[in-house]
Amino acid sequence: MGELLVQAWTVARKDLVLEFRTRTALISAVVFTALVLTVFNFGRDPTAVPTIDLAPTILWVTFTFAAMLALNRAFQLELENQALEGLLVSPLSRTSLYWGKLIANLVFVAVVEGVGLPLFVLFFDVPVGRVLVPLIGVIALATLGFVAVGTLFSALVIRTRFAELLLVVILLPFLVPPLIGAVQVTARLLGGRPLSEAVGYLKLLAAYDIVFVSLASFLFRFTVDE
Amino acid sequence: MSLAHKGRRITLVALVCVAAVYVRALAFTPVERLQGPAQKIFYLHVPAALWTEAAMILVGLAGTFYLFLKDPRLDRFAEASAEVGTVFATIVLTTGPIWGKPIWGTWWTWDARLTSTLFLFFLYVGYLLVRGAVRDPGLRARYAAVLGICGMCLVPFIHLSVFLFRTLHPQPIILKPSAPSLPSSMLATWLFSLTAFTLLYVGFVTQRYALSLARDAQRGGSPEAGPV
Amino acid sequence: MLSAEGLRHAFGEGRGQVVALDGVSFDLTSGQTLAIFGPNGAGKTTLLKVLAGLIHPQVGSVHVTGGRRAIGWIGHQSHLYEHLTVRENLLFWAALYGVPAARRGPRAAEVLGRLGMARRADQPVWSLSRGLAQRAAIAKALIHDPSVLLLDEPFTGLDLAAAAELRALLGELRVGGAAGGGRVLVLATHNVDEGVELATDVAFQRRGRFVHFAPRGGRGPAEIAEAYRRAVVDG
Amino acid sequence: MGELLVQAWTVARKDLVLEFRTRTALISAVVFTALVLTVFNFGRDPTAVPTIDLAPTILWVTFTFAAMLALNRAFQLELENQALEGLLVSPLSRTSLYWGKLIANLVFVAVVEGVGLPLFVLFFDVPVGRVLVPLIGVIALATLGFVAVGTLFSALVIRTRFAELLLVVILLPFLVPPLIGAVQVTARLLGGRPLSEAVGYLKLLAAYDIVFVSLASFLFRFTVDE
Amino acid sequence: MLSAEGLRHAFGEGRGQVVALDGVSFDLTSGQTLAIFGPNGAGKTTLLKVLAGLIHPQVGSVHVTGGRRAIGWIGHQSHLYEHLTVRENLLFWAALYGVPAARRGPRAAEVLGRLGMARRADQPVWSLSRGLAQRAAIAKALIHDPSVLLLDEPFTGLDLAAAAELRALLGELRVGGAAGGGRVLVLATHNVDEGVELATDVAFQRRGRFVHFAPRGGRGPAEIAEAYRRAVVDG
């Protein structure tokens, strides 16, 4: 277990160093966030649609996109000079590979969300002050779930051609439950409703995380080749 | 007197003028009835906004001439103007919200003009990033010129959106077809501050231009380059 | 230490099918070096990928004493991250192969020094010329001191000095350094002149088959070349 | 001129054959469209926000994303085996390269939009029947403008490192006028307002197209190396 | 036909700067073949990229009679689209180089046949082995029958038969085929044995400079190798 985490961290650190050095994906994601937020603002008629009604959806579309970027990036990176071949023939267990990528992906998505959230607050002028802690909690809960599934799938498709495409297609249905949950809870929070109203969705999110994080942790060994 | 010296001199004069504008504004210009003292920021905000756009247009013009004359001085000027424009855009983007909070009760609003300033700022950032990414000086100048020209042409489009999209932001008071609708003492102060900012622009650009001259000289006169 | 049993592998299906491996078996023990010669498309790279565990053969099996950790593989691709420096790459792979943290730095320096890359250690990989990148790839494959070395045209792009150095290095590795016993080397190339001296065993591969497989005995490059011509070119 | 177009078509056809053969970017774009549409559908509270108010924005965010994908793809493709180096040393004029990429990009984006629009109609149940022709007209108008600028810029950044990132960053401000225009006209159309109300925006879009298509056609020669 | 005048080019700046070309000048006319030998990192690839017009040298200039259309360049990369077949690639490049539509098909078949790739013509490039991909790259560079050929380690990955064939082909090209006059060839490699026979002129490059540049005269591989050792390795 210790060994496993050490190796996972080795992989994650390498990814993060590379990402930090090139910054391509990260800045793209941040710029895209700014773009989406801007476009939404110009699209709506401020008198017709109150901000609060739209904000959660916009927030989550943006975050989902950032996550997809991260997941794609995670294995695109391994294709230069076929480093992936090197990883696969090395003694690195697929488990460590999975956890390493998961950690890197979560950090990546967290950074984008960390930049996106203030932009969102600034641009939409939504009152998050009071609900900041639960809001961050929901974001973490939903993000963990779909990044975990996405990382498993990216490990799964990583050696097929058209990995990128396959990933998007197979991940799509899995995005629906966490997204619905997240949007609904965020809407309740921003609307100033008591958290108790959202308890059903919170349970959904938590259940999803528990099921899919453990499932992924159990299943990845079967994506190992032996 | 070296160019850098001259630039520093002009900048100094300009800063003194800006200070003078504020002395005048705070001490001698009437407090605006509706907005109160917050309106004072106007004298910093508006000239900076005007020069943000003007600087982009000058970048584009310099680029246009560069493409035909291939004179590296034009490219240096474009670079200097873009950097100064970025600084001015930053000033608008900071003074605007500081002003907006007491007036509108919010730091930021999706008013078209605010957004257009934001995107002008992004335009500058992109322009400078491209300059940084291309190392061959000839190629860099050419690429920068192309982007600068496109940027110049974009400014009116961004401006047009102001009139098409409903807006919270004050409509033009000074630069409009009919006569300016500003009390004359305010107008005088404003004109003075505009002069101050013009000087500030010239001073900054001169300094920045001298700097890039010095940098090229330090590299031994030979055009510095590399893989693109 | 390294054995292959009835390997068969084909790419594609139907009419366009290419049989890249067709009934290859062998058994190598410590100290042996198998040189595989064969024309383009003979299946050399496919064989090495199967040995490395990257391709699962459709038929047959491979056994390597020590498992993956024991293998060092130099393929057609360098497996290096372009935006890390040469040293950073080596440290990363050393960590993955379980080299103790304290040994990684010195080991990287040692391998790089040996390959004449000491001056280049802190250059990012994208700025290396082809030959220098190949040296870095060799360093990567050797970093964990593997006991089974799979070498797929390792001399590609190397200049004369580096090629000579690599030959010397491989010679030392084969018989075993200070650390312990000898190693197993498998060297694939289409050029008989390259590395014949290193070989204890020689195989000629053609259309996925070993059309010749025997100890080198005392045969020199000229004799091997002649045998190769007879078995592969005319055969 | 004839020679120029022939060469441009050679480049465009090659791009389209490649795209058709791998389909990665195309399917990703289509799936993304479906994803965004789905998320929006689940995200909004149907009673609070009438569909019509949201639809234009959603449509255009999706289309913009598809275009960015196309533009990125356009030169990513040339990086495998450094085919780009081959193009640059060949007698192909940069003008032809520009037009070839422009054609390929427009076809690509048109296909995505062609799939996205019916999905959009299906999911949002917006009444497009009556306004279909003007709607397609607006889409074409807005798309042409930003794809033309984007293609020029992609030729500009193509040889720099971090081309992908740079492209997103420099293109962003140029997306604003066509997007605002397109969203506003689409909103008027879907809202059943007379087209005359949108005439200002239509003029804006047309002017943008005229200015930037001619500007790009004029400027690309300066991205040629001689 | 091909002249270079005082070429100088450096990568990077400050302390990490690498001077890849340092005052290289020459002038080649039809029928001449310049073989450039040099160790890894000497700047051979950089020189060829400058000649091909891909890199603009910081100092100096290049002149090629016939411009870009006249140049065929085999670099370290194949410039082939992986998802097109070999033939589709060739037809595409032929079209770009202005080969008349009716000539493209036959010309592609001719070049491929010559390089032993006729059977592989309809395979996608991604499915080729390294040596086969190199042959396809050579075919691509020859498709428009260039009068100036820039060859950067063209023998990489080729098997003995293909290498011999390429040598023969280059020999024919140099003196001119049926179509017309001779061509100019520039061949960069670090291996003196490779292609010395083709050369009319020999240059040794080291740290961006030509430390030796002279007609080959009657010198054979052994003499050249000796001169190389003296000028580059020991020098």
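A, B, C, D and E label the chains in the order they appear, each numbered from 1.
Please note the rule applied: contacts are C-beta pairs under 8 Å (C-beta built on N, C-alpha and C of every residue); 3 or more make two chains touch, one makes a residue touch a chain.
As the structure is a prediction and not an experimental result, all values here were calculated from the model.
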item	value
Labels of chains that are neighbours to chain C and to chain E	none
Third chains touching both chain D and chain B	A, E
Maximum centroid distance from chain B, chain identifier (CA atoms)	C
Greatest separation from chain D - chain, by CA centre	C
Inter-chain pair with the most contacting C-beta pairs	A-D
Mean-CA-position distance for chain E and chain B (Å)	51
Centre distance in Å when chain D and chain E are each reduced to the mean of their C-alpha atoms	40
Whole-Å gap between the CA centroids of chain B and chain C	61
Intercentroid distance (Cα basis), chain D paired with chain A, Å	26
Residue numbers of chain E (touch at least two other chains)	11-12, 56
Residues of chain A touching at least two other chains	22, 38, 42
Where chain B touches two or more other chains, by residue	112, 115, 119, 139, 165
Touch relationships between chains, expressed as pairs	A-B, A-C, A-D, B-D, B-E, C-E, D-E
Sites on chain C touched by chain E in the complex	11-12, 16, 18, 38-41, 45, 76, 123, 127-132, 135, 153, 156-162, 190-192, 233
Residues on chain C engaged by chain A in the complex (per definition of touch)	52-54, 56, 67-69, 71, 73, 75, 77-84, 88, 92-93, 95-98, 125, 140
Contact footprint of chain E on chain B as seen in their complex	136, 138-139, 222-227
Residue ranges of chain E in contact with chain B within the complex	9-13, 55-56, 58-59
Residue ranges of chain B in contact with chain D within the complex	67, 112, 115-116, 119-120, 122-123, 125-127, 129-130, 133-134, 139, 142-143, 145-147, 149-151, 153-154, 157-158, 160-161, 164-165, 228
